[in-house]
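Starting off with a structure, shown below.
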Amino acid sequence: MRRVTGWIVLIVLVAFLVWGVTLIHPFGYPDASDMDDYIIENSQEETGSNNVVAAVLFDYRALDTLGEATILFTAVMGVLLLLRASKRKKETS
Amino acid sequence: MLTKIVRTVANQLILFIVIFGLYVIVHGHITPGGGFQGGAVVVSGIVMLLVAFSSQELKKLLRERVLSIVESSGAVIFIGLAFAGIGTVFFYNLLVGTPIFGRVPAIGPGPGDIWTGGVIPLMNFAVGLKVIAGLSAVVLALALFSGGEEVEE
Amino acid sequence: MTFILGSGYAFWNPLIWIIVFMLVMVLVYFFRRRGQKAYKKGTDQARIFLCGEEVPEAGERHIRVGNIYWGFFETLKEYYNLILRPHTGVINDYILWFVAVTAISVLILLIAGLAK
Amino acid sequence: MMEYIPLDFPFLAAALLVGISFYIIIFKKNLIKLIMGIAMLAAGVNLFLVSLGYRAGGTAPIYTDVPEGPMVMSVPQALTLTSIVINVAVLALMLTMVIRIYRHTGSLDSEKSRRLKG
Amino acid sequence: MAALITHSPILIIVIPLLAAFLTPLIGMTSRKARNVLVVVSLVFVAFLVFALARDISINGIHVYTLGATSPDLSIPTGFMVPVRIILEVDGMSVFFGIIWAIVSLAAAIYSLSHIASETGQNRFFTLLLLMVTGGFGMMFTGDLFNLFVFLEIASIAGAALIAFRTKFADTQEGGFKYIVVSAIASLMVLFAIGLLYAQYNSLNIAYLAQVIQYTTLDKIALGLFLIAFAMKTGMVPLHLWFPDAYSVAPASITGMLVITSHACMYAAFRICFTLYGGVINAPVVGWIIIIFGLLTMFVGVTMAVFQKDVMRFMSYHAISQLGYMWVGVGVGLAVLGNPGLLATYGRDAMSGGIFHILNHALYKPLLFFTGGALFHYTGTRDLTKMGGLAHKMKWTTILYIIGTLSISGIPPLNGFSSKILIYESVYQFNPILTITGIIVSILTLASFTKAFHSAFMGAELPEYKEVKEVPRSMIIGMVILAAGIVFVTLFPSLIVDWIIHPAADALIDPGPYISAVTGAIP
């Protein structure tokens, strides 16, 4: 029962996704690229960085990068929180 | 703890790995790479040390407390650089045009210049610090935990 | 500053409600004052009487949660059997439900788009 | 210049990766396999994102010593980088929890290690 | 002050973040300084949110372009498309921001003594502040990918906090289920973002709303968005993870998780009403939401009557209450294309649904906090083991009664005023919705009475001789929320006029939200 339902819904969803991605512009020939053209043209002038991806990461979409760094920080904190000893050591020192 | 050959080779290789990682971090704004990638390269070196030596030995080298401080300070540097621009707008790249990393390269393809990019190289550096400290803390903590040792507060 | 919250049909005013509630409370207090005066605390009158049996300890006497609304669950047994079936607690099933609902919703959206 | 590819293979690959990973997540009861499924799902989504920005014959969007010609779109690359780092973080936390679950229950099976139900 | 208001959207996001980065450093030296830092930063953020709300009610939508030469330069000069990340705060965002500010402050104060005997407190408070950041980011951002990033911050921090009590097996399981579900939901959101990016090459919600066409790809993306966010809110039948995760977390975190669930609801509303606002097939999507909302209400409450674990019981009630909001807003969405019906009852239904979010955000964390207070000294969440606790915990009892009356919609408490709005407006759309709502309300009261009886009433039990009233900071945390309930109870019309109607109008008409960003386009 579970197997059959699982397969049916899985196939339906994947069919939609596959059908969906064939409707996207042909690979390598994007329809619209205004934002990216602007960034590629102006990043050297506005940020002084030769690496456009770095310019996007740290200037145009810097809040994303801050969020990304925050997520890494969160995960580190989370891992250390979960692996901690649940009892304090005797406070000798 | 693996054989002596592995340990010796690891001892020699770690230098190159760290230098390559730092190169990737520092040149993040002119060549492919950046703080995350370079940090990951350095951490891969640390993982190599973890495999070659034991986690107990590595623990003496990298203290949990120190890693935590380095990571927090990396994050604070990053957010501080973002705050520096708040006179105009948060995240404003205020170093473009100043003597520090402020040169503007020739428009179009050309050789890179390390003194460009404004706050981008500094942010790369801060992120690199953070990634190195953070990921090595995670790897070390997981290795120590599987050896039965829990993280202290 | 108004207290009235209009809702299309009617309105709701907490102030009026509180005033009416106060009046009712006064009325209730008034009736209560007219009750029996013979009741005294601390005498045998206030002791628990259980058909002459010995009264159990405090812990035994408390009606625990499992015994409340027994008839409700007994009546709705079939409904609960049905509704407890998907609550397996297995993470794989949770994702299966997600995939199923996503597939169905996308299907509905696409069919509705065709009809339009 | 690359030839025009009639089928959008990268997009299809991404969609199929998503499908395969959903198969793993739904049918495999081992928690480590479940995590692998999520990693594959992330890989599929990342592949999809990064292939959106490709331009036929484009070079990497880095001006240092680059030949003249079109450059691929840079924003999807930045998004993919962000997404990869996010998934590393998620996986680290998931593995930690699985280690803890294994310590407590002695099982990696999602049915046998289950305590919460109903 | 003017500069503070101008920069407040980003400051509200970044101040908790900065405090979170500093917490491990300061916590190493002094525990007291750390507590002061946490509380002061959250109080300051709450102040900024209220100032921003006041400014928005006067000056309209607030746009903040990160990294540009001027905050309101949303589109580069002489260009057509927004390039940078834009924060955009309108009535709806700031409404959720107010809720989040109040609840996170109460939760932080509550946690100060709730986890005082545990290890790992520095990291606990760091993660708590990160979760606050994630929530505010989700509410204030005007960029889809940024929404995804902040969603992940809130989920990862939440998952780590759910698993905080590592010595129990069930906490780890709850945290694991939460993070798996959030990871999959957010990856599907990312896939949908990719589908939109492929067609329109933009990530800005306002710009996308202007150019969107409702093609097949857009429909698939809408389905993915809607169901992924619905799963994160805990809509039946995707609610299965919800009680598992909520019941095992520390009580303060459970209170905050309720609001992250509302933040996901905000994201779903933003997608349906603003991003797809002009093109959406409103009746179909509205009915999908209404049917799932009805299921959510009914299944949630019937499962709740059944429960014996106090936190699990309350989490099922949280699911059930979420149904009211879905139904209220769903009715608004179903009549979105019809201005006449919208004016007759659609707007009132939406106001009721949104008002219910505020009320739920006040009483449900309060109830979770009282559940945590029960756990604090008894050390159990099992209702079958409890009894007679009212003798020892007077404050907790009173606060629990306030929460119970409010959630059951007993007049004059605030739960009633939002429920009456929903009932009376939804009745005109379809009477069955109102009838279900009233039945669910009755069952809610019945089950809370049961829990009240088994936990608080009865004679003092011998095993709880040592139990005493919870520490003062926990009571302060609960009293903050109870004070909010009393305020909303006394002035429902004031609240509706100030923040609910602007929020509902922001949803109904996406025009101002769009033109605030793209207005400069010739």
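Lettered A, B, C, D and E in written order, each chain numbered from 1.
Convention: contacts are C-beta pairs under 8 Å (C-beta built on N, C-alpha and C of every residue); 3 or more make two chains touch, one makes a residue touch a chain.
Just so we're clear, the structure is a prediction, and the values are computed from it rather than from any experiment.
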item	value
Minimum number of chain-to-chain contact steps, chain B to chain D	1
Far-end chain from chain B, centres as C-alpha averages	C
Pair sharing more residue contacts (C-beta pairs) when A-C is set against A-D	A-D
Chain A and chain E, separation of their C-alpha mean positions in angstrom	24
Chain B-chain C separation of Cα centroids, rounded to whole Å	55
Intercentroid distance (Cα basis), chain D paired with chain C, Å	45
Distance from chain E to chain B - Cα centre to Cα centre, in angstrom	36
Touching two or more other chains - residue numbers and ranges from chain D	18, 22, 25-27, 34, 48, 52, 62-64, 73, 75, 79, 81-82, 85-86, 89-90, 92-93, 96-97, 100, 114-116, 118
Shared-contact residues (touching 2 or more other chains) in chain A	6, 10, 13, 16-17, 20, 24, 30, 33, 35-36, 39, 44, 50-51, 53, 55, 57, 59-68, 70-76, 78-80, 82-86, 88
Sequence positions of chain E contacting 2 or more other chains	17, 21, 24, 66-67, 119-120, 145, 149, 152, 156, 159-160, 163, 166, 172, 175-177, 180, 184, 191, 198, 201, 216, 220, 244, 303, 306
Which chain pairs touch, all of them	A-B, A-C, A-D, A-E, B-D, B-E, C-D, C-E, D-E
Chain A contact footprint on chain B (complex, rising order)	28-34, 36, 64, 68, 71, 75, 78-79, 82, 91, 93, 96, 101-105, 107-108, 110, 112-113, 116-120, 123-124, 127, 130-131, 134-135, 137-138, 141-142, 144-145, 150-153
Residues of chain C defined as touching chain A within the complex	93, 96, 99-100, 102-104, 106-107, 110
Residues of chain D touching chain C in the complex	22, 25-29, 34, 110-111, 114-118
Chain B partner contacts - residues on chain E that touch it in the complex	7, 10, 14, 17-18, 21-22, 24-25, 28, 64-71, 119-122
Residues on chain E engaged by chain C in the complex (per definition of touch)	176-177, 180-181, 184-185, 188, 214, 216, 219-220, 222-224, 226-228, 230-231, 237-238, 240-241, 244, 281, 284-285, 288, 299, 302-303, 305-306, 308, 344-345, 348, 352, 383-384, 387-388, 411-412, 416-417, 420-421, 424-425, 427-428, 446, 450-451, 453-454, 458-463, 489-494, 496
